[in-house]
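Naming follows writing order (A, B, C and D), and every chain is counted from residue 1.
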Amino acid sequence: MNTALSMTVPSVGRRTWITTLIFTAIVVVLPFFISGYQRTLLQKGLLWIPSVFGVYILYSLLRQVHFGQSIFIGLGSYITAFMAGKYSVTNELMILLPLALVVSIVVAYVLGIFIMKRTGFYFAVMGIAVTMVFWSLVYKARTITGGSDGISHIKNPSLFTVPLSDMGLYYFCLIVSVGIIVLMLRVLNSSFSLQLRAIAGDLEKAESIGIPVKRMQRLAFTIAGANAGITGVLLAFSYNYVSPSVFEWGYGANFVQSAIIGGVTSFAGPVVGAFGFINLEFFISTWFANLWEIIIGLTIAIIVVTVGEKGVTGIVQTLFSKIRCK
Amino acid sequence: MAQTIINVVPEGTPPVGHIFESQQMLSTFLSYIFNALPMVSYIIMLSFSLNFILYISGRVSLTFAGIYLVGAYVTVSVGTYFLGQNFSLLSFIAILLAVGLLGAAISIVVYATFERFLKTDVHRMIATSSLLMVFSGIIKIQWGTTPVTYSAPFLKMGISEVLGNIVPNYYFFMFGFSLILMLALAYFLFRTAWGLRFRATSLDGDRTMAQVCGVNQNIVTAITFAISGMLAAIAGGLYAPIAGASYGIEGNALLLAALTIIVGGVGSIGGAVLTAFIIGIARVITAVEMPLFELAIPFIIASAVLVVRPYGIWGKEFKH
Amino acid sequence: MLEIKDLTVFYGTEKAVRELSMKVSGEVVCLCGRNGAGKSTVLRAVAGIVHVDSGQILLDGKDVIPIPLHKRLESGIGYVPEDRKLFKEMTVRENIEVAKIGVKASGRKEMNIDELLPELASLYNRKSKLLSGGQQKLVSIARAIATSPNVLLFDEVLEGLARSMMIKISEIVTKIKAEGKDILCAESSLDKAGMYADRIIWLEKGQIVATGSPAEIKKQISDSIRAR
Amino acid sequence: MSNNEQKPLLITADKLRKYYGEVKPVNDISLEIAQGQVLTLVGANGAGKTTLLNLLTGLIRPDRGEIRLLGEKITGVPPDQRAKRGIVKTFQLEHVFDDMTVFDNVRTACFSSAGKHYSLFKDIEDENEINERTGALIELFDLTGVRDAFVRNLGHGYKKVIDIAMCFAMKPKILLVDEPTSGVGEEEKYKIMDLLMNQIEANNLAAIIVEHDLHLVKELSKETIVMCDGEFIARGTPDHVFSQEKVIEILVGKGF
């Protein structure tokens, strides 16, 4: 990659943890001051964060564009829809979450073998292709999945057999999201991420100092998938409804776009990106009705042309450092 | 998503005994090929639209899928408005060519005002895939989200019977049209002075040495984008009478084009045509035999190829 | 006549060529030196491939630095790159054609490729990737001289060739000189440079340290090794 | 050479061959290196030096012949495994991780050599052992001043040293050094060479050093091999080798 365009990943320091704490405090308190609808928006934003973090890891560490996050969201969602909706097996989160986790890890690892065969354009395309395959399978297998009608009437979840209220679900989502953020921050600050960055920086040298390139790439892909699988379960419960549209490639692209809006030169990027994207989507579609795709598309195109992958947080950072210099 | 109208395989005569079995199998196989023709020509043109830019200028540009979308809608609207049910082949071809010019214009404008400022492949992929949202947003405002159709050319061209298979003439027209376009492109690349310049700057040539030899890189890249846009728009126009135009078809276009490159390799016209046949026929067969896997089959083929030959069946290893 | 005045080229933060001045007129001048001495960089600067940071490159008194890369051949500078760099998928004829189509060789005396490089006549329709190393080198030379530029740059033109091929190519270089062209070459090996060069310029760290005939330079360098 | 016989043979290459069409960069070369033996390798451009090193590290596969490390056959072992087992190479054009600090560059190699590829949740700052080792290496290679600088902002000299430091982080048994001083200024050249030779000696490593500067070769090494067209044509002490007319003839004539 061109050195002039190179970007750096900051290390997780005390400031990051404090910011995380402040962020958590805000989202804990916020539901008491906002309407129920705004709370669902907030909940959706929270649930997006882990998936965007998956994209973020692959982008900022490995420099790969991961269009396939929707595969794992879809898997998690449909597992939930089957278990808690259609076949009414269980609505116990403590069973569903581990199940979704295991399924997405297995699927991600197997897919990783194929998808990670080549990087760059090919990786991105294979990501899109796999989502489309899942989309078509779900769409066509009408008898099992309900086809384009999807599956509705998913039971409300229960936690350790205690049924969760809407507010309870919000806080559970919050705990899961923040938990994953904390885990991801740890991953980003581990030797694993250091070595991934080495692979992206110079594959030949990475190999020559004994880094098992292929296996580490696959593991990164699996981590991203696992994140999305977990959020898939909770997203299904949040909407009470699942349709094949979760497997659409455009949905997967939204996570990439969120990451770009937020920026990948800061850990706050995925958080800002997830909330930014969802709120933009909401406000633009209420105020400008049909224009929302055009506005979002152009925004991202302009961001990429002007500041590359730095995104909003990158711009803010540069502004701050300029002010500080003065 | 494109709802391909697959001509159901003719019910055929009931089994008449062993003597006719092989003939019937041949007939069934031919029917697969005939039914695959629209998909094949669609894939050839779209994949080469993406492939051409990738091969000549080494850039990844997904804008072609948006242009395809525009091509499909414009053909439907213009066709319905001007021709309606009065179909004439010449005016339909004129519409297609006009749509092609429109696509070329869009492609050049997007390149000159936007894509040329993108610096890495990763940026290009993200920015152009976001542009697809802009395209589909514009389509949504202009035409709404309900599919529109313009099937006059398909219906008016009639059918022919080939070896016991009833095939719409439009299938042959579509295939012929795209084949002529590809042959023209091949002629341009391999027989003309300008084609020589293109091949010199391509991944098979050497960009710097081409410039040393007096080739103006900017003009070549601009024309490359124009040709790509033209192919994509005409693909949209040609496929519209069969599949109609609906909101969100660009995803499938993008995917099939990209998978064809994975299988066929970068920069090979022959590879693109053969891959289009493989994928098209495989899709028709699965659509009839195992409809569940119809959309999955191109991906399965591509994965298999990636494992066996990471650079495509006819592909060479390029570092770009 | 090619004249280079105070040429400086940066490679990243380091200077690859430092204020180098030299003149080529009606002779074969060869730049020699160790790896990284800046030989190729000088040639690439004249050809227009690398960015010149300061200095002048004068072709018959006219500065060529503002001329864009794709116009350099037209203005009379032909370049034969280090490792052939042919258009692999094209035939020999097409390779030469590329240089011919875009360039109006106004007022230059046409060079007869068939006479200079008779070996190529039988290969015209063969794909260049199927040729042997020496044949590829010939095509690369033919491509550069097809439009009869006034100055020719040969970058390590004898590298990686069999002895007989080296002799053949040095003869060709001499013939091209006889057509009245100025030739600037780079070779890492004094032996090879001695096969065709009239004058050798020894470079170290982007600067000229010695100039002279091949034999003189060779003696100077051998002595310095023994002295160590 | 006599004292080498007491030391165990570290690496043996038997009749290695690699052809690229007509070009024969490595033509049936056999090589034995004992522990602590330092060789310099000189030769013209295209004599096959880099190809030979790449065969040893496993970046390319030989057409024929086999390589043994401590008696164990490693001909088919991939490069990352060989690096773990102790065959480490520096690159001619410096390969470093541009987007990381100097400390992180060296630390990456330390983690890799410790086999900690998959410790996902442990903070790198808490890995005291590794950090100490990295710190020690940074000090050893005189990089303390640029410890937290981003590598892409540094000059070639520094990048070379970082490259070498990363190789030492791998705890090598044999070090293959490809032109440690190419593209580096005169003063830095000696500094890099001094650092390198001191470390090789201190760790009693075996090494093959490809070097163009004959002056340095004469000063620094006890044993030199001259390579030409894929074969060894002379071997011995530098003084002995460079007094041979044919060697001078080849080196001056073909370039070096």
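Structural remarks
Everything that follows uses one rule, which is that contacts are C-beta pairs under 8 Å (C-beta built on N, C-alpha and C of every residue); 3 or more make two chains touch, one makes a residue touch a chain.
Please read all numbers here as calculations on a predicted model, not as lab measurements.
Ranking C-D and A-D by contacting C-beta pairs places A-D first.
Between the CA-based centres of chain A and chain C the separation comes to 55 Å, rounded to the whole angstrom. The geometric centre of chain B is 51 Å away from that of chain D, both derived from CA atoms.
If you average the Cα atoms of chain C and of chain D, the two centres end up 34 Å apart. Each chain gets a centre from the mean of its Cα atoms; for chain A and chain D, those two points are 43 Å apart.
Chain contacts here close into one cycle, and each chain has exactly two touching partners.
Contact between chains, using the touch rule, shows up for A-B, A-D, B-C, C-D.
The touching residues of chain C, when paired with chain D in their complex, are 12-14, 32, 34-36, 132-133, 159-160, 162, 187-192, 205, 218, 221-222, 225-226, 228. The touching residues of chain A, counted against chain D in their complex, run 3, 6-9, 11-12, 183, 186-187, 189-192, 194-195, 197-198, 200-202, 204-205, 207-213, 215-216, 219, 223. Within the complex, the chain B residues that touch chain A are 1, 54, 60, 114, 117-123, 125-127, 129-134, 136-138, 140-141, 248, 251-252, 254-255, 258-259, 261-262, 291-296, 298-300, 302-303, 306-307, 310. Remark: chain C residues 47-49, 69-74, 79, 81, 85-90, 94, 97-99, 101-103, 143, 147 touch chain B in the complex.
For chain D in complex with chain C, the residues that touch the partner chain are 21-23, 44-46, 155-156, 179, 182-183, 185-186, 212, 214-215, 218, 242, 248, 251-256.
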